[in-house]
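Look for chain A in each of the two complexes below; its partner is chain B in the first and chain C in the second.
After this line comes the complex of A and B, so read on.
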């Protein structure tokens, strides 16, 4: 079956006073029907910019976005077509909902924008969609401030579902929620995926959440994918030193190994990224070769990784060199 | 664990604290907590449970019409309520320091890092500008900021989130407090930076023999850094004890729920559905009578609706506020999902 989403060499550059900032620097990926692709990386790695390109909020400078086999174009008709196929859920449900509108209006607004059906049909669609996300008629008559955080996120999800899209972009969709409510929303996302055959582009800084919900995981660093593959493959046989560091930094993993700090320093500025491999300035394995040539994504073992020395790192059974730190 | 306690009173001792808001229902009640020198206590709970308010009341920083309306707060044995603003200001900084979640809002955007730290030092110590500046430099070294001399002249916006949080930590420990309160200090940070800050806090706590009260919603952070854990729900403590005892064998259904709700493994590769806790945390005025957790609890029985359970201390100081404490050996955590 064809991919719901196909990105080819996507580029997003912003002009800044200090030069061009390559927020997304040549990303190609596909998401199949019914599949969840998890996208992880630290703040500033470009994952939200990527999401905004997929939904059409940001315009790429190069490369293409194909949705359901059709290259996303400009103009009103193309925008509406994209909106029918792709919808987005944001991190903060309070900020994403109009505080002056009743929940029913919030959920049905996409129908009005898309010029669909009559007012009376909207009510039926609202009730139908609200049920899918575990809200009742009672909630439809409420204002956003009368709802809890979890209920508000359900409203965001209902609004995203009302046009029957094929792809939901979830940008930190559960990050602002308390753990008990987060579990409710994750279960809901799994349920509606099964029921409706939806695909998700699921972005989060929380690796445990991404591992749980994703079929495949892509790890981003400074605008590029450094590792991509089946979720359990990437998790269990992580090859890129950045992926290894990310996973080892999770408190749960650190509690197991007894080592916390795995990576010194911060993500370098994307305006002036290091030459060659962008990760080399923080990489415990970096050598002279890393400064010269940029590693491209290539198949190593069961998945793809962008590292010159992935085989060596794999042969070292994933063991990292001991790093001295104070 | 705290071995050096002897007869010394806990550095922080909160007893039956009650925080009210005007005439409304109290937000925090029956809240008791102790932190000893050289000990890290993890205070966990979901938003709205009162953990941050508890910390703010210790600092004397409750805002608006929030007020301590009952109970005691002792710092090194001394009751701090009723102290004049002046005395309280001396205590803040000298005996206790606080680190907030968002370092950017905790720093003054128009002052250099050096000036801010020096100001803090001079507010509490009668030292020259030069000595304060030197202390600032020493503190930046202590919190492991690279190139500290240069950094002293920088403004907060020139630093990364992790570096800013290090500056906030430097200010909090500037006057060698005995107690450090950290309110979600790593929540706004990336995971690799979070690891660095947690390690820094742990090493400072050891080296300076601090009492550290770490407020967080993340149980894994608690497991990593804390000696004891205190779990709050809807304004009071529902469970507390040694970290391993509580996290490996939770007795309160809420604690068990929090642990079970965290995703582990991959759903696509066969991990089970998450055990969520039904409903959400009630607002203070909507808290049910009897046990405040009962309408979300899978084990609730009649008595839970009528009688509020007491916090009962069992083996090894493991305390739980529940009429029917869970025993993980016999109850399957799955039941919570139903």
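After this line comes the complex of A and C, so read on.
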């Protein structure tokens, strides 16, 4: 099975007044054809920067982005080629559509930029794609402000699909929608995947949504992946203390297990991250060793995790976490 | 662009907008018809000198100290005012939009450099620079237009920059980048149409301002000596203010009404183009 997307040691640094901000700090991952990789993490952990890198809005400082086996370049031809393979769906459906353009124009814009086909062919493609996402022909004549949030998100999806890409990056694609509409859009994404064999990079802070839609889940903390594996594996036998905390912070899960693990404090500054394991400042299991060496991703049980004490945590899961001091 | 006609219709329904539009239409009509109604031109001495208004029906607004018809001068003066107003606003718009859009979209050092340049131009006193330029290059309509627009464009540049700066972070701009659209096309085709409202409103003020500056220059005798401007008439009337005040009053009223029309249209446009007031008007 060939990988649609392959990231190798991807680094993105933003220059700030206080030094380089490592938004993405050495991420390697692959997404196979027809697979959905869910990417979770708190806000500010670098999820969106990763998405911007994959779609080519941001330029990585190190590492490579390979799409369909081809390392993504920066030239005009490379940009257009990438556009045919990777498209993106955004969080806020009202900001994602140009308020001055008719829906049909919005959907067919990628075709005209790619220099594809004649104007009349655009119309048929627009109708075809709109039907695919559950919009009717008359929606094409509307302006974005005449549509509901869910309809706008469908327009956004149609625009992303019109070039027949292989990978769709969904950055918090349902987070801004009503819960009932969320379910509709999620199911639409699943249907489209089944029909077209697309891959998704599904980015969200909502673990429950990610679990529902993903084949695999990657958990991100401060620009690095701390745990990655098959969705149900990560969910059922979560090993990294951060993943555990994330899952326990879901009210239903907390009620089920009868205990809540709340994370204390804020995410440390990515400009000046803690030494060793970046999570140690908030980790209930943190020990002296955590400050010395940075844990790398390694296979533990059925999936990969970046924690020095993953085995101990796995063995003693359910036991009270011991504190290093006091 | 489907909303353009709807905007015009709503502008015509706006009370002060309608008044402004009618006034402006009258002024445009005057400048267009001047050549047909007064084929002899505004400089011809067609009647007795210093004829007060209402005395001779051939000269409803009287004649000046040289026996030139004041109505004719007003008609031809409308041409000059409109030309200078529209031309200098157009130049200011083009320069301002290009500078502002580039500064706002690319940001960083480009933005810094362009904005310092804008600051430099904005600190120059409007009228003094016009006098200086006219003094150096010589008084002609193109010079005056150039002098006025060189001080006016920073206002537009700042407006456009602020809006582009806000809009470029919107996801629809990101999506244009993803589909490989060129930066120029993103700025001018996708972003700019979304910041037209404040630009249009400000333009009406720019036109009014340019008309005032041109008339002021002509009043000081620094206007183009080959064209009859309302300012020229004001200058002529200045010397006869105590005995023939009408020579001053008539062009002054024309000037006031023109500027008033443009300001009313600007205010009305502000209401019409404001999406939050859409339902109320």
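The criterion applied here is as follows: the second predicted complex is superposed on the first by the 313 of 326 C-alpha atoms of A that agree within 3 Å, B and C clash if a C-alpha of one lies under 4 Å from a C-alpha of the other, contacts with A are read in each partner's own complex, and residues count from 1 in each chain.
Basically, a contact is a pair of C-beta atoms (placed from the backbone, for glycine too) under 8 Å apart; a residue touches a chain by one contact, two chains touch by 3 or more.
In this text, all values refer to a predicted model and were calculated from it rather than measured experimentally.
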{"item": "Fit or clash between chain C and chain B when superposed on chain A", "value": "fit"}
{"item": "Contacts of A:246 with chain B and chain C, given as first, second, both or neither", "value": "first"}
{"item": "Chain B versus chain C as contact partner of A:43, first or second or both or neither", "value": "first"}
{"item": "Partner chain in contact with A:98 - chain B first, chain C second, else both or neither", "value": "second"}
{"item": "Which superposed partner A:86 touches (first chain B, second chain C, both, neither)", "value": "second"}
{"item": "Comparison of chain B and chain C by chain A residues contacted", "value": "B"}
{"item": "First, second, both or neither for A:114, with chain B first and chain C second", "value": "second"}
{"item": "Least C-alpha distance (whole Å) that remains between chain C and chain B when both complexes are overlaid", "value": "10"}
{"item": "Shared chain A contacts, counted only where both chain B and chain C touch the same residue", "value": "none"}
{"item": "Chain A contact footprint on chain B (complex, rising order)", "value": "46-47, 144, 160-163, 190-196, 198-199, 202, 217-218, 220-221, 223-224, 257-258, 261-269, 271, 273-278, 280-281"}
{"item": "Residue numbers on chain A that touch chain B, as the complex places them", "value": "36, 42-43, 148-151, 178-184, 186-187, 190, 205, 207-209, 211-215, 231-232, 235, 245-246, 248-252, 254-255, 260-264, 266-267, 326"}
{"item": "Touch list for chain C against partner chain A, complex", "value": "2, 170-172, 174-182, 185, 190, 193-194"}
{"item": "Chain A to chain C touching residues, read off their complex", "value": "52, 55-57, 76, 79-80, 82-83, 86-88, 90-92, 95-100, 102, 109-110, 113-114, 156, 159, 163"}
